Amino acid sequence: MINKKVANVEEALKGVTDNITCMVGGFGLSGIPENAIAQLVKLGIKGLTCISNNAGVDDFGLGLLLQKHQIKKMISSYVGENDEFERQMLSGELDVELIPQGTLAERCRAAQAGFPAIYTPAGYGTEVAEGKETREFDGKMYVLEHAFKADFAFVKAWKGDAAGNLIFKGTARNFNPVMCGAAKITVAEVEELVPLGTLDPNQIHIPGIFVQRIFQGNHYEKRIEQRTVRQRN
Amino acid sequence: MINKKVANVEEALKGVTDNITCMVGGFGLSGIPENAIAQLVKLGIKGLTCISNNAGVDDFGLGLLLQKHQIKKMISSYVGENDEFERQMLSGELDVELIPQGTLAERCRAAQAGFPAIYTPAGYGTEVAEGKETREFDGKMYVLEHAFKADFAFVKAWKGDAAGNLIFKGTARNFNPVMCGAAKITVAEVEELVPLGTLDPNQIHIPGIFVQRIFQGNHYEKRIEQRTVRQRN
Amino acid sequence: MLDKIGIAKRIAKEVKNGYYVNLGIGIPTLVANYVRNDIEVEFQSENGVLGMGPFPFEGEEDADVINAGKQTITTLPGASFFDSAISFSMIRGKHVDLTILGAMEVAENGDIANWKIPGRLVKGMGGAMDLVASAENIIVAMMHTNKAGESKLLKRCSLPLTGVGCVKKIVTNLAVLEVTDKGFKLLERAPGISVEAIKEATEGTLIIEGDIPEMDINN
Amino acid sequence: MLDKIGIAKRIAKEVKNGYYVNLGIGIPTLVANYVRNDIEVEFQSENGVLGMGPFPFEGEEDADVINAGKQTITTLPGASFFDSAISFSMIRGKHVDLTILGAMEVAENGDIANWKIPGRLVKGMGGAMDLVASAENIIVAMMHTNKAGESKLLKRCSLPLTGVGCVKKIVTNLAVLEVTDKGFKLLERAPGISVEAIKEATEGTLIIEGDIPEMDINN
């Protein structure tokens, strides 16, 4: 077993510098690497390019980095729900590249799997395809989209072991698995780091080979963005 | 829940006709759809084009179909261990297209995921790339390989439910998941069809949306091709 | 004229037995409430769940179980969770049978615009571009006209597109229309709405053949 | 001159702490037996397992747990099973650190041929083409000459290629060689083998700089 365990978030983020490109897992506020984001804030890393489906809310998730002007560019599919984001985008402080959600997922997966580019139908005929190569296959048009290149991927899982194996929970899985191994260094934080041999080899969502560093995170808030409930009869 | 359960292999293979293209899961003899193969033999379906990593052995797996001359063409990565196969290939009765194993997997996955084609480095500069489009990305050469088009995919899982959800076991997983949803109709046979709600939604390898028909198979032989053991001290 | 619930009810009738359905935010989300309960349907949400159930009872919300609108949800027996790549494999691979989504504009050639208004804050397309580029069967749920009273069914979209030539059917507060080679074909009128009123509210080519029946929004 | 076990032992020394390793069939498989046990290494098999252990005890074989050679195996704590697409994501995505495989021919430009002999039965390339096209670090394990005594280290491969310009290192029964821009650079001699004997057995350009040390095959 190749040991990926590091003692804490400080050790997990060693080597992170200004101006890196990082992938950040999560959908909305679900499954975001809360500890890694807090540490990026603490370290005062500047000039980040973040590849992440969303940009958090004003006071949580990537919003914490936006508050401190640590993000230079966001590559996302949906960035609503964030006033500070809006302000920085409109003022030109923040560069924003919006791409279709499936394209975002697959450009990560391409990096993970060693594909240089993919052909997707998403965005054909729209401004998303402007300046990009397009091509017809079987009468349908596709856009050539390139694999992402990132320095770090920060992901969050439910359980993990020292070998770097990960299991996600519910819809907190989302972009986390496709970002593992899609950057030079993948840092996984887990709610519970379980003893080696505890996880069923048949039920591992991401094998440890895609993860370089793993640590047990602390104090997960797991904030709910839209609390919707129904009444009991 | 959309019910995918069919009563038996007869019902599962309804609509299978001569000259179809089918994907067949398994690696060696591990994880092969034993019941579907037996039924193809029984139905006497002819002129099959089979997309399958291997071609079985003389008296098991796809070898059973070869014996009866039911296969017209094999698309595989490795076809050793089968004398009848060899004879038919050398005599020209059987058409064989050999492609790299990773390319085989990804051409299935492309069909599953709605990608028309992929760029893979495998086979560049070899006869596998002859007549195919090649392209450079970042100084490395890639071959354009197209998604498979198949009529049926026959896969085998360990457990499944009426919704079509599948869980595989060990290395019997192999090509089975990537073939699900990669053909017009995916027929899954399982060792155990469990009651709906029994499978943990978090631990499903293939969601039922990729499966059209599911049934519980019978009499799995699960033959071992190379029985290797070590001595107890 | 229909209200949003009326539109949702009418669209619910388009949901057939055995369909996997992806619902967009807004009116489409309401559709789930009105699907006949004697048919089998599964709802997919692109953030990674198939087999969505109703909202949870108070106190049973799970931050790790949400839909694409970031709302807390539950799952039904037979549900599954999966990652974003697999989710869009379902969508791009045409395994999802029906996509229902809102729009700012639809053109008579099936183009749709629903993600961006130049000069205004852009929130992003989310999964909409993948959905419209892939789905075989797309129904748009929207008001027939915008707040300024201008038609949203146009000859050509004026806003940046989400997808080209993809919309098949439109259900508005005034009508049900099909996108054909020749334009918007009027299929049904909302209760109490005249063909004239629909003509008035439609900028794109409107095809009216024979008597146009009134909608039945009940299942 | 080394036997197959000697070659495997010498290659085992190339396996470093923290490496994920894919072993081909034949001599490469033997390498696992000689890797130092004070380092951490995980073996990947392209049929879908990471963290392979030794063969099972008799009676404990599981038809559902095999390696790419179709042999029954066991797994070690921390192992995982996965599908063929993910397996080749590991390989193509360069997550596997070292690939060790056999060859019929290697050319001085790093080309390798190991899957097909025209006119003879072709079994297929299996995962070899994916492995050699992707791996950063490929070591070939083979005899220096074929059964007819002809060199397998050539100026140009005569057999159909498996991959181009990909081999980095070769360990034979006679020598350890590195593939460089200028040809095969001789790094080590097998015990008792002279530089002359290696020259004799090498058709491709052989680069000999300074004294060539004898191999140490012990860890």
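As written, the chain order gives the labels A, B, C and D, with residue 1 at the start of each chain.
Heads up, the rule we're going with is that contacts are C-beta pairs under 8 Å (C-beta built on N, C-alpha and C of every residue); 3 or more make two chains touch, one makes a residue touch a chain.
Chain-to-protein mapping (UniProt): A, B = 3-oxoacid CoA-transferase subunit A; C, D = 3-oxoacid CoA-transferase subunit B.
Just so you know, these numbers come straight off a predicted model, no measurement behind them.
Under the contact definition, subunit A and subunit D share the contacting chains B. Counting steps between touching chains, the shortest path from subunit C to subunit D takes 2. Ranked by how far their CA centres sit from the centre of subunit C, the chains are topped by D.
With centres set at the average Cα position, the gap from subunit A to subunit C is 28 Å. With each centre defined as the average position of its C-alpha atoms, the distance from subunit B to subunit C rounds to 36 Å. Averaged C-alpha coordinates give centres for subunit A and subunit B that are 33 Å from one another.
In subunit C, the positions touching at least two other chains are 49, 81-82, 85, 88, 91-92, 134.
Taken residue by residue, subunit B touches two or more other chains at 109, 114-115, 120-121, 168-170, 201-202, whereas all remaining positions touch fewer. Those chain pairs judged to touch are A-B, A-C, A-D, B-C, B-D. Contacts from subunit A toward subunit C in the complex involve residues 27-31, 53, 76-80, 86, 89-90, 98-106, 108-109, 120-128, 158, 168-178, 205, 222-232. In the complex of the two chains, the subunit A residues touching subunit D come out as 1-3, 109, 111-115, 161-163, 165, 181, 196-197, 201-202, 204, 207-210. Of all the residues in subunit B, the ones that touch subunit A in their complex are 114-121, 137-138, 140, 142, 146, 167-170, 201-203. Those residues of subunit C that touch subunit B in the complex are listed here as 18-20, 40-42, 44, 49-51, 75-82, 85-86, 88-96, 134. Residue ranges of subunit D in contact with subunit B, taken from their complex: 45-49, 54-73, 81-85, 87-88, 91-92, 111, 116, 121-130, 133-134, 160-165.
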